[in-house]
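You will see chain A twice below: alongside chain B first, and alongside chain C after that.
Let's look at the complex of A and B:
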């Protein structure tokens, strides 16, 4: 949250000038750091250190042995393995396209749901609780569930298509079917999350703007496009960030549903990295996959922030 | 949004503190990695008592009839001073590999002995994740196993695994339907296809032939059988070059695809692993099944099967013009020792006992697992005990190309490309040529090329 609002903060928040900071404040700050130091140490040990180590591994010649890892010098070999592997290039494209499509669809459907929910007075609580069921489900369980639906011999989906005379397509047996099926499972699960975030943004929108719009005779359509949506941008940016981060780490669904197949059509970057590290025990290339994924998702987030930042500033100006 | 979360600039002392925290984390990590560098077994000693931990995934049975418990009890009866503690492992071999590799490379002295896949010796040997058993056990120990098994557990002249029980592909068929239609047990793949079609046309079964076609290790096993029947190989004998770009490989994968396009195998077979294939057969929907040793007892268990008493088992067919039987791929499990184990002599005692006729007879007679000890395997009592064990001596075996530490990448190259052909998204020749180049890049570098 903080990251998104920074621009607004910097321009509007009245930070106390440095000189006025008395000894007391400094002391308080020191105590604060003192108290949070143990927690920060833990965070450093379990997140920052592994991240840094993984980046180092990705540029090292890693040898795994019975006595742990040995890093034998710096090398670009791990990344050259990636660039020369058609599987990696495919995984990058697949993961990006998958992220784009699922996030956009989730955003559109989620916003629609939020708009409906905002209008509702009775039963909103119930509906929200219902909506949250898919979101609260563990992804692996969600994947198993869709595994049953898509099953090629006794799946619900096959049964239904059979009833309406569409034959018995094996959803997970073709690349397009498997990718689409996986997207549906993902969208089903995470749209409610987007809806809830957007709804939270909606209820916070100022009423006076809407009154003004009504006075000016703006249609509902115009109000939505000219007022609601622009005002919602920061909220939407937040939802997009969360979703991009998560969708990019796509692992559970292909791991359970297809194992990356058919062929390698649903091999996401996370699956690829997992295979390299824990099946091939090739920790160098595996770390390179992980690092390249992190770099890509970072770029993606920065790009989406850039897109939305302008609007955040305007809204506060 | 909320102002409370506005970032604050780090000032002097806090920056130092943060730096300190980072250094601390690094120091902790350094400590842990240095303590992890305990060396290969120091205590090879002659101690005859103590406790060892055995890492093993479920084999068969449960509770007091659990194979592992029964084996441990029998062992402890003979060696009362040695106690074996069972560590229940996952049934997923990839999960096991990941856990064991991180645990052992992290310096853990347990588990002392572990049950591991037959395709691990090269990988575990190359990364020093297992003790070279041939350094401690005499040639006579390895001579007691069925031919080919020890070779499969050897990497660069050292034997890393002691075969515990073997597994291999079999052809299961509906003997009731074959008898009704006056059809013989198929000896060629072509014959299997036409017989399956006959039974499907008569409406006796929905599917002709079910097998493992999903994008996973099991497909590599199935493919190895067709490939070897067609006269092909995956790599050259020295594991330096791929040989998949061959007419034999294309013939094998073309036939596998034809099983689907002809309707003999359901198109869902491209998503089948063992359980799905087993279910299709056990529910009476399929005429033929390619599966492992366990399928016979599974298909003859009333609670899981509708075809009890109607199932026959035979060696796998081969392609027309080749000599019968076709090749069966080798699966199964070896026993390995953790290089950090502090009880090497106890570990060896346990492993030696597991290879002995006493243990092997338990595996074969009580659980119908295929024994690795040749004398048990060929003993009349074992052959008489079970239809599957009876045909084991007639089968021809082919291992997977696991003699390279990069076997997992080789296998991935195989199953992904073969699965793409089965799913109809790649042609046999282009799939085999891309599989071959993936195999080549996997073999090219010593520290695991390719992905």
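Let's look at the complex of A and C:
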């Protein structure tokens, strides 16, 4: 036994000398920077500049003039407008709740679909292709499609509720109906995406671990909760991250389907920012909406990483 | 603890491949049974059928007195150590070992005590809070063992548990696994393709080839009395020298190439079946240690060959030589992992270190006649 312990220690002890390698790495890094610089400059011009500019705009007095606008000094006014506006407070809560509900529902349904697909031996390819149709559809078209389904005079939904004797409710006419309808449209479109990501994670899981669990006496249910889910954690975290990022930027679906209404009941942060900037030409508050949304997304992602306890490069720790 | 018995067990995979043919084996209570054979011969398939991870196509599998063909793995009271360990990557060593107990709803304090005890047997105490990803191969292997023994199952199954370890650690763990098995005294089926592992660890060894059981006996019997050419060639390192030969009329001698080896009376009586081969072809088998010295130093039969290479090992000389007879290869018996000792010549002898043997010269070896083996070239069966 003593002999075995020493072998184990030996494997952890030695670390390679690093000096020379570092010198080489630095040189390589310099060359690398040189080659990437042109591309980085272009990226900076088209993305970083607008981001930085809108952050600056959000803390500036923006004055409209005949041929554009001018920034006139620093102010916290734009943010104080937001904080005191009921529309903004509503949009924040709406976006967060909307994100939470859709992501959770998509995750549950998507995981179920993935589990079923993984069991299938025949026809998996076809089913996956079918499943991806909603996801491959452009959001605007998806929104138009649901606009048709929910239409108050000739909509499919109307027809169906009429058939089962529930009358003819106008789905998009009430805030609750509009929000629920929008969520359904969103879940229909993005669940396949979650399902595919989870499926990819599932097929990567080691088969012999499942056999070991079977020998250890784990039932199917226990195996799912104790083995599958924990092992899928990094995969699920990835899916959640993608979805949270997307859901926070919710724009095209309400823009086409509800126009933010009825009232401002489906005003997401992105819709609000857009209306403020480009309809009302409130550039300062609009930029503040954009900036605060970005900050919220960042927080949301950090929070979801926290929940799934995933750190880059530490999945196995 | 329990006996395991396989009666005429067959496995036909869904694609029609017949991987195990009519396998019958009885593993006694507490016995260490090794299944050995070349890659693809159906060892893993046989083991997985015992585990319940693979359906049995036909035949009967009994654990104790119970027929378990249709019993699920978890109700067979069997623990298995997988080749790649199959540890739960998200659990600590302690959780890995305790998982089965937790599933049985054992009280937490009892689990802790059992895990601690198991970890002590295996020398894993310091690593109980690590995850498998932070352990060395040998440590993971021991965690896999721990997960099996903590359950106190009635049967242990191990599928090449040492094959992922480096050579030195493998030798250590070989002894370790034997020690643990003897200590807990649980019937064990151990799969390996390494005949040295099989010989050193098994109470009995079952040699398989292409889905068929060749011979099952204790290691010494396999070595001294192989039932057929395949077992003769597979067991032993360096491998047995096998030559095409023929029996003279009257069956008093065999001809190997241009040489005639007279058979002492002890050999012809022990192998009385040779009489039926008078004037016919046979295969002659000679283990390296049955060519132990210079023929000038001893009376009796001899074999003369051209010495190609002499390896001095201190205690003996490993002499590679060539004779003018054709060497016989038993298909699949050659272990691809082992050093190809026969490559330097057509035969190997383990000679007394004082013998005057030199590379490049002719040398006459004394034959230890009682070690001679004879096989029917048509059927491959040993001639007795």
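Heads up, the rule we're going with is that the second predicted complex is superposed on the first by the 282 of 317 C-alpha atoms of A that agree within 3 Å, B and C clash if a C-alpha of one lies under 4 Å from a C-alpha of the other, contacts with A are read in each partner's own complex, and residues count from 1 in each chain.
In this section, a contact is a pair of C-beta atoms (placed from the backbone, for glycine too) under 8 Å apart; a residue touches a chain by one contact, two chains touch by 3 or more.
None of the values given here were measured: they were computed from a predicted structure.
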Which superposed partner A:227 touches (first chain B, second chain C, both, neither): second
Which of chain B and chain C A:216 touches, first, second, both or neither: second
First (chain B), second (chain C), both or neither touched by A:164: neither
Partner touching more residues of chain A, whether chain B or chain C: B
Partner chain(s) touched by A:203 [first = chain B, second = chain C, both, neither]: neither
Touched partner set for A:23, first chain B, second chain C, both or neither: neither
First (chain B), second (chain C), both or neither touched by A:122: neither
Common interface residues of chain A - those touching chain B in one complex and chain C in the other: 1, 4-5
Contact footprint of chain B on chain A as seen in their complex: 1-2, 4-6, 9, 13, 29-30, 33, 37, 40-41, 44-45, 48-49, 53, 61-69, 77, 81-82, 84-88, 151-153, 170, 172-175, 234, 238, 258-265, 267, 272, 275-282, 284-285, 289
Touching residues on chain B, where the partner in the complex is chain A: 1-3, 5-7, 11, 13-14, 17-18, 21-22, 24-26, 28-29, 33, 36-40, 94, 97-98, 101, 104-107, 123, 127-129, 214-216, 266-272, 276, 279-280, 285, 339-340, 406, 408-409, 412, 416-417, 419-420, 422-426, 434, 438, 441, 445, 447-451
Parts of chain A lying in touch with chain C, wherever the complex brings them together: 1, 3-5, 7-8, 11-12, 206, 208-209, 211-218, 222, 226-227, 230-231, 233, 316-317
Contact footprint of chain A on chain C as seen in their complex: 51, 53, 72-74, 78-80, 82-84, 86-90, 99-100, 103-104, 123, 131, 133-134, 136, 138-139, 147, 151, 168-169, 172-173, 176
